[in-house]
C-alpha cells in the first residue's frame, strides 16, 4: 500500500513539474502583451518590463519563477495593480470551491442513487425515467442548463435567487447547473456497472449462501460496481471545475473562473500562469487522492497488481 | 441402495429462458430423486441443461429471464417452487450447498475469504459471532487449507485456483448441509488439482455424510465418484441408473456414443476414438421427437416425430429410447426385460 | 400411441443433413450491426436528425434572403415570425441564418476534431499495441503524463498561443484529444494480438500488415466508430464552451456557442435568443448520444444474434 501511494505521489509531482514548465513557456509564446497601452511611453514600458523581470533571458525568468513558486509565491497581477495572484486566488477560490463541492456532492450522490435504482428496476418504468435523465443530462451543456434554470426558477417563477452569492439558497441553481452533466454520467456508469456485476458469478455464490437480496445489493453489488465510478472521479472533478468557469459568469459569482476568463482576454501573464498552475496542481492533487482511495477500495490494486 | 431414504425429488420439471431471440427450453420434463448419503452424477455435453437443472433446485437461475413452466421440486417434502423468500433463503443457508464451476470468478474480489465463508451464518440467531468464526476456521482446516488464520484474512486474488475452489467448498459445507451440488467443480482446474479436489469431496462425504450431486461432462469423474448417474441430452434425461448399469449395461445410443468418445487406458494404440458427429440441437427450436435422433446411428422413422417413452430396465435403470419398444429391431442396446412406463408414472 | 406401426421401427441411422443444421441465419458482422441499429428506434432517429442538420447547415443559408451580418434595425429582438423564422437577435440579425451558419462551424469543428483525434489515436495506439517495445514505452509515458494534466487547461493555453479561429481551435482540441482513443485502441489491439487466431496467423507466416488488415482492424473498427460517434458531442461541447468564454470563434464569425453567449445577455427579456440556439445544441448532442448508444449496442459482440 505504501509503495503504491509513493509511486502515485512521484508520478503526480512529475506531472506537476511538466505542467508548470509547459504552461510557463506556452504563456510566453502568447501573442500580444499586457502593456499594450498607447499612452505608455517607451521608458515606462521598459521600467515595467524590468519590474516584472521580462528583460532577463527566458531561462532566468523560468528559474526565478520556479524559485518563487517553491515559496508559494505566484507573483503580481499585471492588470489588477497592487494585487498578488495569491491574493486574488485566496479571495476567489473559496467561492469556487464551495460551489464545486456542492455540485460534486449533489451530482455524485444523486447519480449513484439514480444508477442503483435504475439497475435494480431494469426494464421498468423507473429505469426508463432514469435513463432519460441520464441521456438528457449528457446532452445539455452546463451553460445552457444554467440559462434554463436561471430563467425558469429564478426569473419566471421567482423561486430562487437569480444571481450573486449571499447565502445557501444562492448556490442551489448554479450547483445544479454544474452538477447535472456529472450526475448523468455517474448514473450511466453506475447503472452499467451494477448490471455488469449482477451477472457475475460471485453474486450467484452469495445467493446460494442464502444472503438476502438487500445485502447482496448493498454489500456485494454496490461495493464492486462503484469501482468504475471511482476511476472517473478525476475527470469529474475537472468537469465540475470547467463548469464553474461559465456558471460563475452566468450567475455573477466572484469565483476563480470569472477571474480566469478575464485574465485570458487581458493577456495578464502572471494571472493566467498562476491560476493555470493552481488549477492544474489542484486537479493533479485530486487525481492523486482518487487513486489512493481507489487503492483503499479495491484490494487487488493495493497489492500492486495493476 | 434403493432403500435409502430419498429427500430431494424433481418431478417433471420444465424450465425455460425468455430471451430476445425467443424462448429457450433449457430443461424439458426432467424427473429424478436424490437419496441420503449418495453421490448422484449428472453427465452430458455443454448446453444439455445439466447446470440449469442443478441451479433450479436452489432457484439460482436469474428469474426473469428464466421461469418454471411446470413440475415440482420437493425438498424434504416441501415444494421449492412454492417456498417464500424466507424459506428459500433458509434452505440455501442451512440445507444445500453449491460449488460453482469457476472459482476464479465465484468469489467476491472485494471481500476477505473469512467474511465470505461466515456470510452463510448471517441472519441466524442461534450461533454467536465467536462460534461463527470458529466454524469458519474449522471448515477451512477440514477442506485442507493450511495456515487458516492467515488465509482467513486474505482476499481471493491472493489464493491459487485450487485454494479458491477449496474456499468455495468450505462455503458450501460450513453449515453442514445435507446436500452439496457441485457444478463441474474441477473443469477450470488442472489435472493434479482436480484429483485433489475430487478426493477431498469423497473424504468429506465420508466424514460429514452429506449427499452430493456431481455435474460433469467427464465420464472419468463419474466412474470415480458416483453411485448413480443421470445422462442428459438436449434438456432431457435420456438414461439413468446405477453407475454399474450405465457403464456396463448401456441402453441408450447417446450414452454409448459418450463412452466411445473417450480414451481409456486399454484403448489400443492406433485405435480410433469414435466421436459423436454433429452438433446438439438448438434449444430455441427443440426437435419434436427424440432430441438425439439426428445424430443417432440407430435412428428410426419413429424417433423424428414422437418423443420416446420411458422404459424400466431394472430397479434403477430407466431409459427414454424407442429402441426398447417391442416393435424395435434387435440391437446390442435392446434389453430383454424392458417394461414400458405408463404416462403419469414417475419417469 | 396406437398409431405406431412396425414400419416406422426400421433403423435409418444418422440424419447427416439435420445433425449439423444451424437453424438461425448467419449474418456478417456489419449486416448484423446495421440490422440491429435499424431496429433501435432512438438511434435511428438520432441518425436522421444528424443528417437533417447537416443538410440544413449546408443549404439553408443559401436559400435565405438574409445573410450572417445583415442587421434589420426595425426588427431588433424580434420574436419568431413569418419574416424571421426564428426571430432576431439584439442587433436585428436573422437567427435562422445565424443558426445554420453557426451549425456549419460547430458541426464541422465537432466532426473534424473527433475524426482527427480518432485517426491519430488509433494509429498511435495501434502501433504501440501491435509492436510494443520501446516505442510503446515512450509513448505510454507521454500519454500517462498528458492524461494527468487536465486537458482543458492545455486546450485553453494552446488556443491562447495560436490565436482565435476555427483552425487553432481544432488544433488545440487535438493536442490532447487523441489520448483517450490511443489508450483504448492500444488496449484492444494488445488484447486481440494475444488471442489464438492472431497467433495462428503469425505461425502461418502471414505478414504483419495483412494481420492488421484482416484480423485487428475488423475487430476494433466497430468500437472505434462508436467511440468516434461519442466523441463528436464532446467536441461540439468543447467548441461551444471555448467560444462561450471568448476563446473560440469570435464575432463576426459565429458558432452555436457564440450565439448562446450573445443571447444569454438578454435572457431576462428575450429568452428565445438563448433557447433557440440551445435547442439546436441540445438536440444535436442528444441525437449523437443516442446514435452512439445504438452503435455501441449494435457492434457489441456479446449482443450479437439477438433482436
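Think of it as A, B and C in the order they're written, each chain with its own count starting at 1.
Convention: a residue touches a chain if its C-beta (ideal position, glycine included) is under 8 Å from a C-beta of that chain, and two chains touch if they have at least 3 such contacts.
No experiment lies behind these values; they were computed from the predicted model shown.
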item	value
Innermost chain by mean C-alpha position	C
More contacts between chains, A-C or A-B	A-C
Chain B-chain C separation of Cα centroids, rounded to whole Å	48
Centroid distance [mean C-alpha coordinates] between chain B and chain A, Å	54
CA centroid of chain A to CA centroid of chain C, Å	24
Residues of chain C touching at least two other chains	none
Multi-chain contact sites of chain B, meaning residues that touch two or more partners	none
Shared-contact residues (touching 2 or more other chains) in chain A	none
Complex contact set, residues of chain A against chain B	199-202, 204-213, 215, 219-220, 223-224, 297-300, 303, 305
Touching residues (chain side chain B, partner chain A) in the complex	55, 58, 60, 62, 85, 88-94, 97-98, 100, 102, 105-111, 116, 119-120, 122-123, 155, 157-158, 168, 171-172
Touching residues on chain A, where the partner in the complex is chain C	11-12, 14-15, 18-19, 22-23, 26-27, 29-31, 135-136, 138-141, 143-144, 147-148, 150-151, 155, 238, 241-242, 245-246, 249-250, 261, 264-265, 272, 276, 279-280, 283-284, 287
Complex contact set, residues of chain C against chain B	1, 4-15, 18-24, 305-307
Residues of chain C touching chain A in the complex	144-145, 148-154, 156-158, 160-161, 163, 233, 237, 240-241, 244-247, 260-261, 264, 267-268, 271, 274-275, 278, 281-283, 285-286, 289-290, 293
